[in-house]
Amino acid sequence: MINFSLMGAGRIGKMHAKIISAHPNTNLKYVFDINSKFVNEVAKSTKCSKATSPEEAINSKNIDAVLIASATPTHTKFITMAAKAGKAIFCEKPIDLDIKKVNKCLDKIKNTKVPIQIGFNRRFDSSHAKTQQARLKKDIGELEMIVITSRDPEPPGMDYLKAAGGFFRDTTIHDFDLSRFILGDDPIVEISAFGDNLFDANAKIANDFDTAMFILRSKAGVLIHINNSRRAVYGYDQRVEIFGSKGMMISGNQTPTSVRKYTDTHTSSKEPIYNFFIERYEQAYKDQLNEFIHSVKSNKKSKVTFEDGRNALILANAAYESHNNKKVVSIDFS
Amino acid sequence: MINFSLMGAGRIGKMHAKIISAHPNTNLKYVFDINSKFVNEVAKSTKCSKATSPEEAINSKNIDAVLIASATPTHTKFITMAAKAGKAIFCEKPIDLDIKKVNKCLDKIKNTKVPIQIGFNRRFDSSHAKTQQARLKKDIGELEMIVITSRDPEPPGMDYLKAAGGFFRDTTIHDFDLSRFILGDDPIVEISAFGDNLFDANAKIANDFDTAMFILRSKAGVLIHINNSRRAVYGYDQRVEIFGSKGMMISGNQTPTSVRKYTDTHTSSKEPIYNFFIERYEQAYKDQLNEFIHSVKSNKKSKVTFEDGRNALILANAAYESHNNKKVVSIDFS
Amino acid sequence: MINFSLMGAGRIGKMHAKIISAHPNTNLKYVFDINSKFVNEVAKSTKCSKATSPEEAINSKNIDAVLIASATPTHTKFITMAAKAGKAIFCEKPIDLDIKKVNKCLDKIKNTKVPIQIGFNRRFDSSHAKTQQARLKKDIGELEMIVITSRDPEPPGMDYLKAAGGFFRDTTIHDFDLSRFILGDDPIVEISAFGDNLFDANAKIANDFDTAMFILRSKAGVLIHINNSRRAVYGYDQRVEIFGSKGMMISGNQTPTSVRKYTDTHTSSKEPIYNFFIERYEQAYKDQLNEFIHSVKSNKKSKVTFEDGRNALILANAAYESHNNKKVVSIDFS
Amino acid sequence: MINFSLMGAGRIGKMHAKIISAHPNTNLKYVFDINSKFVNEVAKSTKCSKATSPEEAINSKNIDAVLIASATPTHTKFITMAAKAGKAIFCEKPIDLDIKKVNKCLDKIKNTKVPIQIGFNRRFDSSHAKTQQARLKKDIGELEMIVITSRDPEPPGMDYLKAAGGFFRDTTIHDFDLSRFILGDDPIVEISAFGDNLFDANAKIANDFDTAMFILRSKAGVLIHINNSRRAVYGYDQRVEIFGSKGMMISGNQTPTSVRKYTDTHTSSKEPIYNFFIERYEQAYKDQLNEFIHSVKSNKKSKVTFEDGRNALILANAAYESHNNKKVVSIDFS
C-alpha cells in the first residue's frame, strides 16, 4: 500500500484524489491546498486528513508519495521538498513554465534517487499507445509521418488563460510529448510553428493563441504535424495517425456507446464523442497511476521522467521562437 | 449492334430507353405504349420510332430484341409474341402474378431458342455480387446464414399498389431471387412468412402489407432472413450479410459522396444514402444490359433465366400460404 | 453495505465474486460450491468464508443477499431457501429449464416479499439500453421492427451442452428477454423458430442446435428477428437494430480500442471485437449489481423480475414447439 | 458539338482522348504526339486523324478547341499557338515549371479572349467540392483549418521524375490549388515547407523528395496543413478535412464497393480504396470537361483559370524557398 499526500485540490487534484482513493493499492492520507473549500471537499469525500502546510503534507512519516496537482509555479518547490524528504513524486504537467526554474530544480534533485513521474496521461491511452507499439514492432514498417489532431471542446476562462503559460506550453505540450513517445529513441531536431488568434476574445486580451499548427522533424527524418484548437463544437477531438513504409494506423475518436442513429436528416450519426479529458482519458489517468505504483514498488525509473517534462517544455519554447521569428528552429535538448 | 423495341414507356421503361440509347452496342428502334404521352416522350428523347401496335414493334425486321417493361399482365403475351418472332427477350420482373399464366407461357416458348433474361437487377450490383462470389470461393468458409434488409424509402401510391400483386410478389420477389443467386445450386426448401400492415393506409384498403419478415431454409441447411418495409425515412435501405464458418461479409448501404460532417449535434454524419432504385442500382441496370448483350451475341443462356423468374414467384406464393396458414411451407419448384 | 453469500463458484460465479468484492457497497461473506477447488479459489481471492452447506451460506445472520450462480437445476431450491430466510435474491438465468419447476417455485415465494432479480445482463449494456430508451422516447417514431444478431465466438464443450438445456433455453433466452425489454408493455404473441445443426459435432451428439433463426410478433404488430450461432470466428457478435416510422437505431459491436490499420492487403481494419461475454458485458455485469443494490435498499421491485425469467423460458419452450411442428406458435404467458 | 485536337497522347492524353470521344457534345478530330506509336493508338481507338505537326492540329479550321496533354515544356508554346488561332484551350497542369515562361505566355495571350482552363481535376471531385461548398455556405461556420492528406500509391519511375520538375511542382501543386479553391477569395500569404527523401532511391539520385509537409496561412488567418508521400501501400490516399467555428467536414477515401469482410484476423476490413488518379478521379475528369464545354459555349471564364495555374506554381516555388532557407516565406502573387 502506497500512502499519498495530495498537493492541490482543484479540478485535476480532485480527480486524482478520487483515483487514489478507489485504487486497492493506494491511500490518500493528506490533502493540502491554499483554498480551504477545496481541502474540505476532498477531505470529506475521501476521509483523508487536512494538512495545514505543505511541510506537514510532504514531510509526514505516514506517507510514501506526493502527488503534485497545485498551481504550476509551485511545482518545482514541492518537487524539491518531496525529493529532500525521500518521497516518491508524481507531478502534473508542465513542471514549470520557465526552463531556468526547471533546470535549477533538476540540479537540486538529481542526486536524490526518489522515483519521479510527470503527468503525461495520453501515453497511457490504450489506443494512442497502440501507435507507439506499432512503431516499435514495425507494424507499419519504417515510420515516416505522424499526424496529431488535438482540439479542446471549448476555450477555458480568463483565469485559466492567465496562469496557463500560453497555448503551446499548456496544450501543445501534450502533443509534443506524445510525438516524442511515439518516436522513441529518435529525437526531434527541428520545428516550425504557426499560432493564431481567430475566435477567443480572452485569448486576444491575454495575447495568446486559440489555433495553431506545427511541423516537426526527427533526426531520422520523420515528419510530424500537430494541429490544435481551443474549440471543437463536436467534442474533444483526439486523433493520432502514423504512416510508414508498410501502412498506416489511426487511433480515432471514441464514443461512450456503439450506437448509431439514422433519420430523415442523417444517415449514420454516431453517439457524441467524449466531452473532455477527464472522460476521454479516464482509464489513462488510472493506468498512469499504475505505472507510478510499479515504478515505486520495483524501484525502476518511471516511463515518464522529469527529462520528458523538461524536453516537452524545450519544444514549446522553440515553438514560440519559431512563431515569433517566422523560421525553422533547431532543437537543443542539452 | 443490337436493335431494340421497347414495350412500355412508364418510369422503368423510360429508364431502359435511356440506357439502351446511351450504350455503344445497342439502338432503340421502336417504342410502344398504350399511353401516347409516354410514347412521345421516349420517341423525342431517343429519336426512335413510335410503334402503333405491339405487333409492329415486336415483329419488325429491323429489330433483334424486345425489352418488356409494360404492365405486368401483358408480359407473357409479349414474351410469347417475341419468342415466335425469334427476337431476344428482356422482361422486367415479375413475369406474371399468376403462376398458371407463367407455366402456360413457359410451355409455349420452351421449344423456341430465343435468348431470354428477367430483370433481377440486384444480381448485377457489384457489392451484392461480391457476396455471391464469396460463397463460390468459400471466402467466408461454408455458408450458414444470409440476412437481407430491403426497405423502400416511401410507400407507392394506390394505383401502383392495385396492380402490384401484393407486397411479397412485388417487393420481396427481388430478395427471394437474391437469396437464390447467393445460394447457387443449393435450393430453398422451406419458408415462414410474417406480413403486417402497420402504417400505410393505402395498403390497408388494398388488403396488402407494408412490413414483412421471412425465414427460409436451403436444402444444405443455410438459414436466410429477409426483412422488408415500404418506408425507411433515411433512404433506400439495401443491405446483404452472409455468415459462414470462416467469417462474415456485409454489402452495406452506399452514399453518393464520401463526405462526413461533425457538428455540435452530431458526430460523423454521413451523406444521405441513395433515395431509390434508379439511383442506387444505376450501374446494375447498365450491367444487366451488358449481360443480355453478351447472352445474345454469344448465344449462351443468360445468367437470369425465365426459370429464375418463375422460381421467385413460387417462393412469393409459398410465402402467402405460410402467412395465411401460420405454418412453415415446403417449396415445390417442379 | 450489503453482505452476500455466493452459491456456485464456477466461471460465472467467480466473475460475480470479483464484482461483489470490488464494489464499495457490497461484501462477499460466504461462498458455497460442491467443488471444493472452486470454493478455495474464491475464498482465497476475496477473503470470504467457506460455507460447508447451502444452509450455512443462505441462512447466516450475517448476510443480506444470496447470489445464485450454481448449476441450473439447483436454482429454484436455493431461491426458495433464500426467500424463506428473508434474503434478497440475485439468480443467474435461466431460473430453471422446466417451466413446471419455475411455476412451483413462484407459488412458494409469491407471498414472501424478498427482492429478487434475474441475471439478464444485456439489459444493462449502455448501448443496447439506448434502443429501449429510444423506443420509450419515440426517437425513431413508432417501433416496427427489431433485428437481433447474437453469435458466440465458439461452441462450448460437451459438458456444458449436456447441462445447458438446449440452444434456445441457454442462448436465445437472452435475446428473447432483450426483445421483451425493448418492447416494454407490448407483449409477444407469436413465434416461428428454425433450428439447425450445421457444424458442431458435440451439438449433433447432444441432439442440439448450433444455428438458429426466429421471427416473433408483438401484440402491436412489431416484427422481431433473432439470429444465433454457436461460432463466429471474428468474435462475440452482439448487435441490436430497431426500426420505426422515424428512423433506425443500431447498437453495434464494440472494440477495446479505437485503432484502425491500413495495409497493402486491407483498408480500415478495426481492432478485434471483444471475445466473449465477460469482456463485452463487463460494465453491464457491474450495472446489474447496482440495480440489485438499488432494489434492495429502496425496497422497490427490480427491473428484471422473476416473471421476466419465467416469460423468457416460455418463449424458449414455444420456440421448440414451433421448430418441431413447423408452425407459428401462439404465446400464452398465463 | 465542340471539335478537339489533342496534343500529347501518353497516359493522361489517352485518358482525355477516351473522355472526349465518349462525350455526346465533343469530338476528337486530331491527335498529335512526337511518339508515332501513341498517335497510332489514339487514332485507332477514337477514329480521329493523325496530325503531322502541331500547326496542323492546332490551326485546323475543323477544330474549336485544343487539349494540351503533351510534355510540360511544350505547354506554353502550344497555348500561345492556340490562342493566336482563336481556339479554346484546355491545358494539363502545370502550365510550366518556370514562372518566367508562364509570365511571358500570359503576356502573349492576355489580349486574346480565348477560353482557357487548367487541368486541376480535383476541384471537380464531388466529395472534395462539398468542402468548398460548405465554406461558401458557412456549413461549418467560419473556416479555421484545412488539413489535406495526399499520398500516391507508389513512386513513379526515373523518367517521370526527371521531367516532373520536383515533388512540390508536380504533386503538391494539386494540393496548393485545392487549398486555394476551398479558401475562395481569401488569399494565401505565408508558407513553411519541409521536404524529405526517406525511401525512394530514384528521388535521391534526382535530388528530389518523396515525403513532405507544409503549413500555409491565409490572409484571414486560416491555417492549412498538407502532407504528401510518393508511396502509400494501402492505395491512393486522398482526404480533405475542413474545420471551423461550427464543426468539421471530412471528404474521406472511397472504395469501389460498399463491402466489408470480418474474419478471424480482422474485424471490418473494407474493400481496397482506388489505386490511383485515373480510377479515383474518373468522374472528376469528366466533369472538368463539362466545365470547359460550358465555358466555351457560354463564353464565360472557366472556373479554373490560367491565373490559378500560375498561382499554384508561385506557391510551389515559395515552398522550395522555404525548405531551402528553413524559414516562413511570404507569398507574392503579383
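As written, the chain order gives the labels A, B, C and D, with residue 1 at the start of each chain.
We adopt the following convention: a contact is a pair of C-beta atoms (placed from the backbone, for glycine too) under 8 Å apart; a residue touches a chain by one contact, two chains touch by 3 or more.
What you see is a predicted model; the values in this text were computed from it and never measured.
> How short can a chain-to-chain path be from subunit A to subunit C, counted in steps between touching chains?
The distance in steps between these two chains is 1.
> Between B-D and A-B, which chain pair shares more contacting C-beta pairs?
Looking at contacts between chains, B-D has the larger number.
> Sort the other chains by how far their Cα centres are from that of subunit D and give me the top one.
Result for max centroid distance from subunit D is chain C.
> CA centre of subunit B versus CA centre of subunit D: separation in Å?
Each chain reduced to its C-alpha mean, subunit B and subunit D end up 41 Å apart.
> Could you state the distance in Å from the CA-based centre of subunit A to that of subunit B?
Centre separation, subunit A to subunit B: 59 Å.
> Among the residues of subunit D, which ones contact at least 2 other chains?
233-234, 246-248, 253, 262-264, 271
> Could you pull out which subunit A residues touch subunit B in their complex?
The touching residues are 233-235, 253, 255, 262-264, 266-273.
> Hey, which residues of subunit A end up touching subunit C in the complex?
126-127, 130-131, 134, 139-140, 246-254, 256-264, 271
> Given the complex with subunit A, which residues does subunit D contribute to the contact?
Residues of subunit D touching subunit A: 141-142, 144-145, 147, 149, 151, 190, 192, 194, 196-199, 211-215, 217, 221, 223, 225, 227, 229, 231-234, 237, 243, 245-248, 326-328.
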